[in-house]
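The structure appears below as structure tokens.
The chains carry the letters A, B, C and D, assigned in the order they are written, with residues numbered from 1 in each.
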Amino acid sequence: MTQVFVQLDQIFVIVKYWLLGFVPAGWQPLVSAIVSVVTVVIAFPALFALVTWFERKGLGRMQNRYGPNRAGPAGLFQPIADAIKSLTKEDIVPLAADHVVHFLAPVLLVTAAFLAYAVIPVGRNMIVVNLNAGVLFFFAVGSVVELSVFMAGWSSRSKYSLLGAMRAIAQMISYEVPLVLASVVVIMQAGSLSTVAIVERQAGYTGIWPHWFVFTPWGFVGFALFMIAATAESNRSPFDLPEGESEIIAGYYIEYSGFKFALFFLGEYLGMMATSGMAITLFLGGWAAPFPFLAWIPSYVWFFLKLLALIFGFIWIRGTLPRLRMDQLMNFAWEFILPMALFNMLVAGVWHFMPPGIPRWLVCIAMVATPCILLSMRLKRKKKLQLRTYQFAE
Amino acid sequence: MSSLQGYLLLSALLFAVGLAGALTRRNAILVLIGIELMLNSANLNFIAFWRYGPAPAALTGIMFAIFSIGIAAAEAAVGLAIILAAYRHSGTTDLDEMNSLKG
Amino acid sequence: MTASFLILALLTVAGTAAAMGLRNAVHCVLALTLGFAGIAALYLQLGAQFVGLAQIMVYVGAVAILAVFAIMMTHKPGQAEASVFSSHWIAGGVVAAAVFAVLAWAIASSEAVFQLLPPQPDVTVQKIGDALMHRFVLPLEIMGLLLTAALIGAVVIAMDRKEETK
Amino acid sequence: MNWIVKNLWLIPALPMFAAGIGALLKQRSRVPAACLAIGSMVLSFLLSLVAFAHVLGNRANGIESFNFGWFQFGNEWLKLGWMLDPLTAVMLLMVSFVGLLIFVYSVGYMHDDENFTRFFCFLALFAGAMLGVVIANSLLLLFMCWEIVGLTSYLLIGFWYAKPEAAAAAKKAFIVTRIGDLGFLLGMVWLYAQSHTLLFYDAGAGALESASLTHLAARTTVLGLSLASAIGILIFCGAAGKSGQVPLHVWLPDAMEGPTPVSALIHAATMVAAGVFLIARIYPLMAATVSLTPTVALQVVTWVGAITAVFAALIAVGQYDIKRILAYSTVSQLGYMMMGLGVGGVAVGMFHLITHAFFKALLFLGAGSVIHGCSGEQDIRRMGGLRKYMPITFLVYAVGMLALCGFPLFFSGFWSKDAILHAARDWNISQAPFYMGAFGALLTAFYMTRQVYYVFAGNSRLAASSHDDPQLAAHFEDPAHHVAAHPHESPAIMTVPLMILAAFAMLLGLIGTPAWPWFQSFLDRQQPILSFAAFSAPGIIPVMLSSSTIVILGLILGWYFYGRKPIATAESPDPLGKLQPQIFSILGHAFYVDAFYGATLIRLNTIWSRVCDWFDRFVWNGAVQTISYLFLGVAWIDSSFDTYVVNPSFDGGCASVSRGGRILSLFQGGRIQSYLRMIGLALVALVIFLLWGAKR
């Protein structure tokens, strides 16, 4: 019986090796790499299509409308229709635009987004390449996104897009630091940068309670900070100033149309999903089942369930919260999230060196709670607003 | 021609390119970038020697590379800040016009 | 002298050369990122994974963006640049070429280059961390100090002192 | 060794520590300062009690001392130390107790002053230094504390440095006492040269112990003096300076410019007593002789004391400032003490010192209370009738006055003065000191009566007083003091110490009566024996009778001149002055001693400086001028050589150098890239050089 479940769990791996059986030995590494990449490149866009529909439906429900409901059952084919539309649309490039860069920007974005999936374990033994600096790789690739955003904004020679790009870069740089710092705590505990190792570190249960990092004080705070920073990284509401429709029409990809626009869209959602996947890997035990008695369900199922849950969280937030102002955004990043992340590292150290037991919990919770309260009080103070100037956008 | 020599030659070439940039460009920022490039070629040398050196397990080359990357980052930050200040002062980043220290 | 090395080398040299040669400063920076990425790839090929990824993070993620910002801030829309090259560019190019020639000669004529390739050492992040924390802890601390100082210094230098200029 | 002996240093250390803390306090923190000083003083007083009890408990064993090496030079250790003997114990008790009372009193007296904190800091330091003087077992340590006492007295007298008189008085006190201390220092050095130690008692090796004393007494030096006497006289100069003996008494009356508690502390209890104490401390040295006749040193002390006693008393008759009168009376009393030391030994002098300390402190504090009540008025002609306004002050003041006059039987002054007179009568050199002392006693009674009548009797003349002394008045911020419609009694914190002192001034005499000479025997470490037969000893009764008659005569004279008809107005001349104007004016100007000093010493000084100035101007300056002209000539030759020989060549060199610099400066193009090019070329050159180096 369990044999079946194991088979079910490893089915993709088995299939892959069965395919590899057909190719000569010399080519196997290359082919296996190609196979994995292709899988990723097919699976996640499909998920992207699903997610767009999901988001529009969810938002519709939250805003008390139907959302897509024409194409297919409950508008389920809406994404396909959109894809066809954007493929068949005319691809307009502004005359003054810098054609090469204008073309390269979305490509680079999507490439980077896809690269990020290389180190995310979507299931037991299901990872494209298990680098022993995987997390670092993830962030390194993530930092490329900023460049592509800049290219998009700068190359299309439009004030709006330049403004959007500058906003986006400023915001991304500001939030990349806490993103990394928040994941550093996990690395401290797991003692490795390899995502697989991190996931294995979180395996096992006490009773029915999984050993996920999110269930520790520092882990919880880290998770919260990570998710906030991730929201900002992927330019989603409430941090969607760079593409705030009401302010600068669509931000850095205002001058894009047709397929390139779709690529940007794709890239953005891929980025969001990738960060969610990284969050799952770091804090939510990766592909592990939440309860031991549910372990028979295949690992990848768990992974994607968690992924969808997080994405639903994103959607929910987007549907709920209003957009921040630029200075609020920056203050939030530098005055709350960053110090909290640093404190959190301290707490993780304390947790590591204290003997297990109730006191450890109490001490760490206290150490997390006090700075949080103090900083939030500090943030709540009324600030006098002055004229905002963007020197770099003149 | 061993592969180490290849790496060394490559780094020499990068160094030369960076130097050329630093020597010929007008824009101070690009001069700074050229200097960054020279630093990178040095790093490449470190890594190459570490890899092909007698004791790779000592990680010395890696350490050197890491530290010099950090220093390069600091240098870039300060350098660009200085360029900004100079620009604010003299309204240009053209090195040919920045010769107020002429003896 | 593997094919991958040649490809990467070509990529890198092309990127850097473009970075040093193109007219448009922003293009230069973009090309430079290509060069940096190539160097990072070379690091990876040499088995220095950590350094390679750090290279991408620092240079592509930080330095390039910084340079772009600087260019944006110092860029005057009106002025049409006469020439991107300085007045003595020929002399500079000659000097650079001479430097390369000399270095190449040195490399070619040196007997000290090791022919054999020692076995690939597995440099886990763990090892690097241990080395940083034990053998190289003092340099690490100094580095942290330096970076902090550089951060503050950069902010102070670049800060626009309006009230003074007024 | 006993605990108290080992830790005797605590007694002076505590007030000094309090002073140190008080120096750090802020000006506003008045209460802590006062609490600190008084608390430390209380502790010192308790410790002194312990020490006294210890000495009282075992008077059999000898002097207990604790010595330690301070530093080493050559192979000699300079040793310091403290000691505990009856003399120390008594002085400790007296100083700490009177000091404590004065501290408490000054809380009330100074409560308006904005420098309250500083005042208590100084007071504490003063008391600590004084206690240090008392416990010192080494002449050096004694000298150090002695100098600290001098410094603090300077600070305290000049406490109201805004007043020019105060500043001048402080300077005067400091300088005059320095003159005396010079002798002290010389004597100390000489003593060290002779007996290789400055410790008094050091288990047989001390300077005041038989070994060195015999040595010192045997050797004779200039004008036939024995070493002991010579050194003793030198040290006595210091003592004379501190306790204002003629001719160094001039600073003491001026010191009245300081706040009244300071006057009390300086004149009654401590500072002036220091001189007497010093003589008592080194009495063995003074008295060391091979023959039976008293030593020259003691004779000097006696004569100086006697002269001072009469001289100062005469001056006191002619004074109008209430505090000056007391000051001069202090001087004369100190003369008595010195005389007592000279003729009768330690016990006699010390006994008068102790009693005098109490009643003179009482008088000064009473005077302070009067001044306070009259809001800063010090001229007795402007007072009067205060009996009605401040009865307590009047009563205690009367007690003090009677004690000072030595009114028979019930007042301490009587017994102590009587002891001195008795000793003086038995002196086998001459009888003159006895008669002088008697005359002094008469004068004392007279001028005290005069003062009391002036101040307390009659009706108030204060209304006529417009504050012609604004500086002094300025030191009472409280506006209530400025509108001095009629004087008022002082607060309890000032009167209570007065009453305590008054009680002591009366009772203290009883421990020194001939019948029960407890004090003397305590100092001599014998059991006192109570025998009224002592009165029948020859010479006791006559002396007592004679002195009492003298005192009463003085009182009557005082009443005759001042009591019969009260003084009408502030401007009405002094009755005695009406009688003998010129003599009285001489007295009023204190025998023109200050003027005399001004005419002689200071004039001499100015003349001498003029001479030096002239010498400078013409002799030295001329020499210097000629030399300088010489050099000018040389310099001229030199310069011509420079201009015509050196410069051209040098200029040529410079020109060529600067030309070269101009050429070089072409490389200094101010362009980074050119520098960078240079660096690149240098790199090329370097590598080529290295490679060729490697080739061969």
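Note that contacts are C-beta pairs under 8 Å (C-beta built on N, C-alpha and C of every residue); 3 or more make two chains touch, one makes a residue touch a chain.
What you see is a predicted model, and the numbers here were worked out from it, not measured in a lab.
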(message) Please report the smallest number of touch steps linking chain A to chain D.
(response) 2
(message) From the centre of chain A, which other chain's Cα mean sits the farthest off?
(response) D
(request) Averaged over CA atoms, how far is the centre of chain A from the centre of chain B? Could you give it in whole Å? (result) 34
(message) Centroid from C-alpha atoms only, then distance chain C to chain D, rounded to Å. What do you get?
(response) 82
(request) Averaging only over C-alpha atoms, locate the centres of chain A and chain C and give their separation in whole Å. (result) 29
(request) Using mean C-alpha positions as chain centres, tell me how far chain B is from chain D in Å, no decimals. (result) 80
(request) Would you give the residues of chain C that are in contact with at least 2 other chains, written as numbers and ranges? (result) 50, 54, 62, 69, 73, 86, 88, 91-92, 95-96, 99, 103, 160
(request) Can you tell me which residues of chain A touch two or more of the remaining chains? (result) none
(request) Provide the list of chain B residues touching at least two other chains, using ranges where the numbers run on. (result) 19, 22-24, 95-96
(message) Strictly by the criterion at the top, what is the full list of touching chain pairs?
(response) A-C, B-C, B-D, C-D
(message) Could you list, by residue number, the parts of chain C that touch chain A in their complex?
(response) 24, 26-27, 30, 33, 49-50, 53-54, 56-57, 60-62, 64-65, 68-69, 72-73, 77, 124-126, 160
(request) Over in the complex, which chain B residues touch chain D? Could you list them? (result) 19, 22-24, 31, 95-96, 98-103
(message) Under the stated contact criterion, what part of chain D meets chain B in this complex?
(response) 665, 668-673, 676-677, 680
(request) Within their complex, state which residues of chain A touch chain C. (result) 98, 101, 131-133, 136-137, 139-141, 143-144, 146-147, 150-151, 154, 166, 169, 173, 176, 191-194, 391-394
(request) In the complex, go through chain C and note every residue touching chain B. (result) 1-2, 5, 9, 12-13, 16-17, 19-20, 25, 28-29, 32, 35-36, 39, 42-43, 46-48, 50-51, 54-55, 58-59, 62-63, 66-67, 69-71, 73-74, 81, 83-89, 91-93, 95-97, 99-100, 103-104, 107-108, 113-115, 117-118, 121, 123, 127-128, 131-132, 135-136, 139, 143, 146-147, 149-151, 153-155, 157-158, 160
